[in-house]
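One structure follows; several queries about it will come next.
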């Protein structure tokens, strides 16, 4: 679950990481008031979850309250990176001397939290990483022992920092690690970490991604509909289903991420186009009813293609849900299905008897049939 | 025959009295698995399908001896259960749980390495040495999918294990051990580690790698092959060529992967290491026949 | 630093370890009101830092508010284990079915926190440990990984607990470990941990000792004069000196715990009696002036015996403090000194020139001379 | 000659720019100690008595090589400094600090064991191999106290090292290595571990153990001798026969020690293991002469 910048900065403030003075607003009038209250030149930042908002025009500067109101009015309600902007963070404009980069994420290979930092922060950090990887300092943190001050200092020195800057950076990094651990983050990132003209170090941005699989114990965070690209994806997630809308016309229902991706690959291979990604494997197989419902909501869908080869997802249970959905929702589109795995005999029996569906012998046959029906 | 798991391996089933634990215990017993005991805290003294239930893993080890565990407990308790098994000295843990917090996964993998044990998973379908024993959800009783043989199978995604294995069997070959590493960001055991085990297993003549977009396990495995760590014939199928792009993790994601992680990068790395690449699952059998 | 029972129970309550309902009072009238407020039979417990208050009469039961007032009046102001009782904890009387014992302390040999627990709790736990050590369950906790639920459960099962009792005990133990770690304790102890007639588990007592060397970061705790046996020991501690009043007449000033103990042993060996233990070694050698002041306050002192053989405690610096103290405080008692170690030449020079003191060649000679002068 | 520390050992001084660090660096250099570099975060690039100062231990190791460290930093930073030294690969750390939180000491000792290093201390006077090198506060320049020789000296309390060593020298003998283990509840290195090192050191012909009331290190060492772990001649002096009784730690203290910890218990355990017991420090020399 991605946090908005203003939410991340609240966590930072609570733990003592310096952030700019700022106020979150939802209207142009409030943006003007916030600018007046801050009493300085301000920056007005659209609160969206995707990166790249700066280049897309989602950040504006304002020297007066009037300018702040205007800038806010221009951004609010606009579409940025497929998100509708409804919240703005109005912040004091920093006098930026230099921009650093600092992140903690997870190194799957070393199985440890990984600190990445660079003296060359800002919007071009990915280019820095590609062109001059030696300018990215990396430190793996032993998970049980945790981040100790000496290791945080070492990062500071490796960035070429000294004196008060090294101390301020060390302090921020130690606190950022506590945010990372305490909130079950998969990513915390400050870009840029600004050194101001008067030598202070301030987190000018805040990215905090809570690992979705830890939300059960991170009870301060609820992943509501605003965190999804659209309402259907949100609803899918509530049923435990992974759903992504795509451009084609073959409605896909599959168990397991790997098989689902393979089915999409095969559809493309045979010249068709999938209407969606939809995975209902794992412990959520009972939700095959909801899966069918979601796919049928999409008006682009011309053919429904079901592929399962379940392990924990038992074919018989899946088929019960599907049969129920077909009986109740009465889809007009043709349905192609290949249902295999644990309980496959009973599953075929259910589909045949209850809804007259004759499953295909394997995935590729099913895909070829669906592509043909969809006009591919 | 195969790696890590045989019909001799004595197994603890953690979470045996839950719905899933009970259902799959029956299947595992039917598959030949040598289940020494089950564990559910507070349910010690009962039985499940004839398997005695204890309060702690340590009790099973003391009373019956055990080398492995398969864990059917929900996410909030999964780390604890895994540490219990590792601390009791078990060297193979199949951690099926879907939804383990990633930082718990870091601790699990780190501790497993410290004590020299293999944790398979989390978020995986389990593993089986065909004809001997099964831990997890692998439907080894589907005879058109699973036949004993000398091909090792390693999958990141569980759902493709059945599909690919059915093509191996259709091609007239069989499987030694198949292992699902799991789809989570931090697997307890990596592709490279399993390849090292298959390299040592005389019974295994070749392997099939079922990879997918994301991460760098396939590229790391290719590096391992290039330095001679794995030299047997291998076929790979990598899923996800047309997957919707993942939601980007700030700049950090891009900095960390730096060009690794795509299907193309994985296929070309493996290909350069001498692995035959299947474009579709159905090609696996033919490619395998050519080289084993 | 030992916490009073009521302070320990406040920590327990905060973290969720069940404790009896109770009110801390400092007067008999307030004890009566507390009993009325609790509305049950009560137990009135003197708040002192030493153990054994039960056998010494520091715990009384009361069925009515009148009885509570009387009991409180009888205990308040009395001397218990060399402490004057000024605080009472008035608590609901528990209906006790069984008493368990639970403690976490430090195993110096294994270098780990050590859980000790027994189903045979209560006042005779030490006898249980001596007679039937197998009834004490011990579990060492790996310091980096911490206490995990499975290990806490294992302690519960090893105690023979089952069902809800095992769950309640596991929960209490996990929380007690957090108290232990979070507050830098060297000991947390619940004795008895009561199982009530209605099957609840309640911490009927609370012992929490914060490690003195961690008080610099445990800023919620201040070790005030009430935690010392007397005002002089408190003052000594403020100067960083270890002082304990003894029964004899030879005033002892030494550097280092080992040498100080040895000097006491030698005084006894030669038939004398030390008036105190006073150690001013380590980083506190500059306080030799205060050390002399403390010893001179004791009217029992007939001879002053100074022994140093310093390492980090430099003899010259010590001697400067001593010379200053002698010049200002003008002791009438004879002074015997053996001053050696780093800077010993300068030290002898200072004592000779400034206060006309001729140091002895070694510890034993000095001790023998002091014993002789003290009339031993 | 001696154990752990020789004139070849390259040493890092952590906290070198503080008052204590600077004062004792001069003494250590005068005692022959091979100081490779000093460390004080933020003071890198300066010098102390000709010793170059760096920001991190790792830099000293990379630029000069180092095997040991002596730490002069205050309690709040002592654990961090020790972990820095251990993580940089140093195998001998003398941790002088008085006032290390006991739970930090647990972590320090545990990590030191994990990486196979010796942490001497905390709250100790340091150590010296006489005639070669000194780490800490040992006044090796007092010639009536310290002369090179073949007696190993191990003390829990620093203040008795000088006293006892002066009697060894007065008896015409000399010292190989003397080590102060420190007076804190959880020492980084135990008496038993040092005895094992002296057992291996051909140069050391006998040892003097300076113990004190409390804890069970002396009894543990006696157990170690009984199983043949240490077989050289030994004399012990145990201080604290008439010490005021310690403030009792609840019932837990009594349960944990169970009859160990008194001077009598230590003397009889060591005596039963063949160690000669001195009643006063001045007896150590004579007893030693009888057996070495």
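Going in written order, the chains are labelled A, B, C and D, and every chain counts its residues from 1.
By our rule, a residue touches a chain if its C-beta (ideal position, glycine included) is under 8 Å from a C-beta of that chain, and two chains touch if they have at least 3 such contacts.
All values derive from a computational prediction rather than experimental measurement.
Both chain A and chain B are touched by which chains?
C
Averaging only over C-alpha atoms, locate the centres of chain A and chain C and give their separation in whole Å.
Going by mean C-alpha positions, chain A sits 54 Å from chain C.
Can you check how far apart chain B and chain D are, centre to centre, with Cα atoms defining each centre and the answer in Å?
50
Can you list the chain C residues in contact with two or more other chains?
144-145
Find every residue in chain B that makes contact with two or more other chains and list them.
107, 111
Quick check of your reading of the touch definition: is the inter-chain graph here a line, ring, star, complete or other?
It is other, because the touches fit no line, ring, star or complete pattern.
Sort out which chains touch which and give me every pair.
Pairs satisfying the touch definition: A-B, A-C, A-D, B-C, C-D.
Can you list the residues on chain B that touch chain A in the complex?
These residues of chain B touch chain A: 20, 75-76, 96, 98-107, 109-111, 113, 123, 125-126, 136-139, 142, 155-163, 166, 180, 183-187, 190, 210, 212-213, 215-217, 220, 239-244, 247-256, 258, 279-282.
Considering the complex alone, what residue numbers of chain C touch chain B?
Residues in contact with chain B: 145, 148-151, 153-154, 157, 162-163, 166-167.
Where on chain A is chain B touching in the complex?
Its residues touching chain B are 2, 50-51, 101, 103, 105-109, 111-114, 116, 125-126, 129-130, 133, 136, 142-144, 181, 184, 186-187, 189, 191, 207, 209, 211, 213-214, 216-217, 244, 246, 254-262, 264-269, 274, 277, 281-283, 309-313, 340-342, 344, 362-364.
Please output the residues of chain D touching chain A within their complex, sorted ascending.
Within the complex, chain D touches chain A at residues 41-42, 44, 55-58, 77, 79-81, 83-84, 87, 107, 111.
Within their complex, state which residues of chain C touch chain A.
By the definition above, chain C touches chain A via 144-145.
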